[in-house]
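The chains carry the letters A, B, C and D, assigned in the order they are written, with residues numbered from 1 in each.
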Amino acid sequence: MKKIINKPEDYVKEMLEGLYIAHPDLITYTGDDVHCLVTANKVKGKVGLATGGGSGHLPLFLGYVGKGMLDACSVGDVFQSPSAEQMLACTKYIDDGAGVLYIYGNYNGDIFNFDMAAEQADFEEDIRVESVVAGDDVASAAPSKEGEKNTRRGVAGIIFVYKCAGAAANDMLSLDEVKRVAEKAAANTRTMGVALTPCIVPRVGKPGFSIGSDEMEIGMGIHGETGIRRGKLEPADEIAEEMLAKIIGDIPYEKGDEVDVLINGLGSTPLDEQYIVLRKVDEILKREGLLVHKYYTGNYATALEMGGISISMIKLDDELKKYMDAPAETPFFKQM
Amino acid sequence: MKKIINKPEDYVKEMLEGLYIAHPDLITYTGDDVHCLVTANKVKGKVGLATGGGSGHLPLFLGYVGKGMLDACSVGDVFQSPSAEQMLACTKYIDDGAGVLYIYGNYNGDIFNFDMAAEQADFEEDIRVESVVAGDDVASAAPSKEGEKNTRRGVAGIIFVYKCAGAAANDMLSLDEVKRVAEKAAANTRTMGVALTPCIVPRVGKPGFSIGSDEMEIGMGIHGETGIRRGKLEPADEIAEEMLAKIIGDIPYEKGDEVDVLINGLGSTPLDEQYIVLRKVDEILKREGLLVHKYYTGNYATALEMGGISISMIKLDDELKKYMDAPAETPFFKQM
Amino acid sequence: MNVELIKRFLKEVSLIMVEEREHLIDEDSIVGDGDLGLTMSDGFVAAYDAIKDSDEKDCGKVLYFAGKAMSTKVPSTMGTLMASGLMQAGKALKGKSELDRKDVTAIFENYLEGVTHRGKAKVGEKTFIDGFYPAVEMLKSTEGEELSVSAEKASDAAMQGYKNTEGMIAVHGRAATRGEDSRKLLDPGALVAAYIAKGFYLSVK
Amino acid sequence: MNVELIKRFLKEVSLIMVEEREHLIDEDSIVGDGDLGLTMSDGFVAAYDAIKDSDEKDCGKVLYFAGKAMSTKVPSTMGTLMASGLMQAGKALKGKSELDRKDVTAIFENYLEGVTHRGKAKVGEKTFIDGFYPAVEMLKSTEGEELSVSAEKASDAAMQGYKNTEGMIAVHGRAATRGEDSRKLLDPGALVAAYIAKGFYLSVK
């Protein structure tokens, strides 16, 4: 295990300590627990937005707390949910009477704990809490049928949900309205990933899965969850075609629809490769008659040092476009 | 070689194509050559700032062209200098009568080509060109003696030079003044790196060097140039101590001096690890009585998928601090 | 019966979880991410530690605080579900310092209720529920018998429930991504249910 | 002598560089990054291709444009240095369509001048200069002799110069990072100088 770390059990704590030192103008923590990260710039009377999840996905999840996006993030151990107690501490800190919206990824541990925290916030603190669960990974399950629960995992596309909900809350919309925007963003977001190399959880010390030196796995999840198929590594253009076909096929699009696109590195993939994929994605979308409003590229949601990329797409209407473009400033994301 | 690419010989071209698609509001190119990247927002009468260098270091070098930083970047093949002709094309595009300043790293190929381009700009185009060469890597050579040429390699610290010079030019300072600011920034910047895993140049197809699975190399350059010592991988805190000792020892500091610090990932190093190092760096600097004005963390200057980090530090006076903090917007760097 | 039963119960369960730690890790490594041994041993030890020296006589409060400690210590899928079970049992018993036979059954009914409320799994979906539900049913249907006999039967029923998870198709958690392939496997969460039932039997025999 | 000599000279050099491509890669791999075989073959072929079918009679212009083509094609250390040499030689010969013996010497003097101006290396610093300088000196001191004889002596002098780089300490380029360790090695750039001198000899013999 080749990592620049100290004791594996101090990994998350020391990472967080560094983070607070680096961004004192944007973030702090509450209740003496570094795992309860909150904004340093509370806005009076605004709906509070909280997320949370396991560590190991930087900049996700905590990196999007700041101005114009999220207000709090509870941080778990690597790939582990934070506790309901920590979520509750964040909730109490950021509520300013307008209620709190939870936005988090569709994972058992996170769901159970956020639900528990929401109940406690309601019963114990009289804080109204609503939740939106992001499940954008088209590779993880079939689309849910009308009225059924979405069983897809949440991955990089959650950033679009953060952005839209964050901007809506910043416009001083009500909890119900912010939730509606977040749900709309989530409903219009799709992601698909491909993995080339595994990652190592510091306390485990060995790769979470193995993959042949000439292989890739299309559709793998950000904790190494099994994907759609494993096969020989293909040229970037073919990978892009396969991934986009799945993404585009999942939402009914019409020619002329506008989208924002995120080409995301999973950890150890050079930016160059992301741009090489972006180039092909643009060609395909043009061919399909979709209009790209804006591209985002870089490491937005990682799995430690996993090799690979994901592509996320959000279908925009005027409202979502306005909120995507609204200014924001967080440790990792700046929209000017 | 596990990379999401098409033909290795198209690597740079396709990367650049993706880049122009992604950032049309900030960058474009001149003379039908995608390797000649220029700002999409020329400022009337401003001193032009140009850089250039090999590909494979994204966001370096081209990622810092935009508002408030650089105006042009000529792009070479992976780890290869661009040509004097390409540099000249950029120079012609960005000159608006106030002259052009070249800022680039201390490598033979780059120096020779920038010198050739400067001569041609002068002889053929009557454009006044000045140059500042960044050589911030303390591990690459002993400090130069008074009047001697600096033989140190240029690495991540060049970003500080870009930032200060870019802000000075944006303040409509003269070429001589911008050059003075750039030289001051360069003279006050030091960097040191550590590498854990090698990178693969796409056209070469195999790692540029090999390093034991439990080893690190302190002081390695961003093309895999031999460092100061190779040894067993140590805990983050010890690595930070060794690197900072070299950096701090290289400039005469007084207690209370202010610095900006960049913890930079070389490509495949998770952000978590960078923050773990940052935490220790902060502890050491406090102990040494230095005041950190601002931290920068992330992948600012990479070597493809090399594993490891570098630490850069710039000693600030009021002028440099003002220029470091001035707003900027480029594809990869936003200062708000 | 009083709060001492609760303490003995949690002690026995935590002892088993520590003993079976590696075994649970192995079982969860086949289906999931292999952390179940860690979370169950850490979690039940934390639950027991939180209340073992308490002077509190209210059985409900003791169960509730044990659950809270567990939830803070191990916020994993099973950690949170077990915490939810303990806390719900605590809510149901609040105010009672003496427990009759019906109260004992109520602990397990409410534990099940807490887990179900949180996890929304039904019987037959290859989860903890498939080990725990048969045990609760057994406790209910043998209320006329000696508690130790009844508890032993519940323990056996839970173990049988665990074994019956082979053949079921998983619809929750990591195992669900395997679809039809999941049938061949035993569910490690249901094994935890069997250990809890066994811990209870040991605490009353 | 006229522009045909320049063309023959560049042709011979490019042929050698193509032939010695792998050898130069190997030599540069020991000291540097191993690209020298690629850059020198690509670069001199580009230089020759740029002018081989030209009707231009001005020897200076032909040399200059060959250099420009090289500089565009291979902007590496040696690529740019060789381009600078050709371009400087071109500037010096500008306007001449007929060359006398002194002009031929001037080509090489100015080539050296161009490389030195660009690279600022001195004799003895283990570079291209250490192969090329002895050749230029030989050409100058044998101006009374038959050109082919003089050129052969220059070629031998360059090769000897290359061999003499063993023992020198490198102060330029990648080799410089090795400090004292660089002494044991031969400088691949100086070998390029020997190939250029040999190419010239072949073009006049």
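Everything below uses one rule, namely that a contact is a pair of C-beta atoms (placed from the backbone, for glycine too) under 8 Å apart; a residue touches a chain by one contact, two chains touch by 3 or more.
It should be emphasised that the depicted structure is a prediction, and the values quoted were computed from it without experimental measurement.
Enquirer: What chain is the most remote from chain C, judged by the mean position of CA atoms in each chain?
Expert: The chain farthest from chain C, judged by C-alpha centres, is D.
Enquirer: Round to the nearest whole Å and give the separation of the Cα centres of chain B and chain C.
Expert: So the centroids are 57 Å from each other.
Enquirer: Averaging over Cα atoms per chain, report the distance between chain C and chain D in Å.
Expert: 83
Enquirer: Could you work out how far the Cα centre of chain B sits from that of chain D, in whole Å?
Expert: The computed centroid separation for chain B versus chain D comes out at 33 Å.
Enquirer: Based on which chains are in contact, what kind of graph results: line, ring, star, complete or other?
Expert: Looks like a simple chain-to-chain line, open at both ends.
Enquirer: Could you list each pair of chains that touch one another?
Expert: Applying the touch rule to all chain pairs gives A-B, A-C, B-D.
Enquirer: Mind pulling up the chain C residues that touch chain A in the complex?
Expert: The contact residues of chain C facing chain A are 33, 35, 68, 71-73, 75-77, 79-81, 83-84, 118-119, 172-174, 176-178.
Enquirer: Across the complex, what residues on chain B touch chain D?
Expert: Residues 76, 79-86, 108-109, 112-113, 115-116, 140-141, 151, 223, 225-226.
Enquirer: Could you please specify the touching residues of chain B with respect to chain A in the complex?
Expert: Contact set of chain B toward chain A: 2-7, 11-12, 14-19, 21-23, 55-56, 58-59, 194, 196-197, 213-214, 233, 235-237, 239, 267-279, 282, 295, 297-299, 302, 304-305, 307-309, 329, 332, 334, 336.
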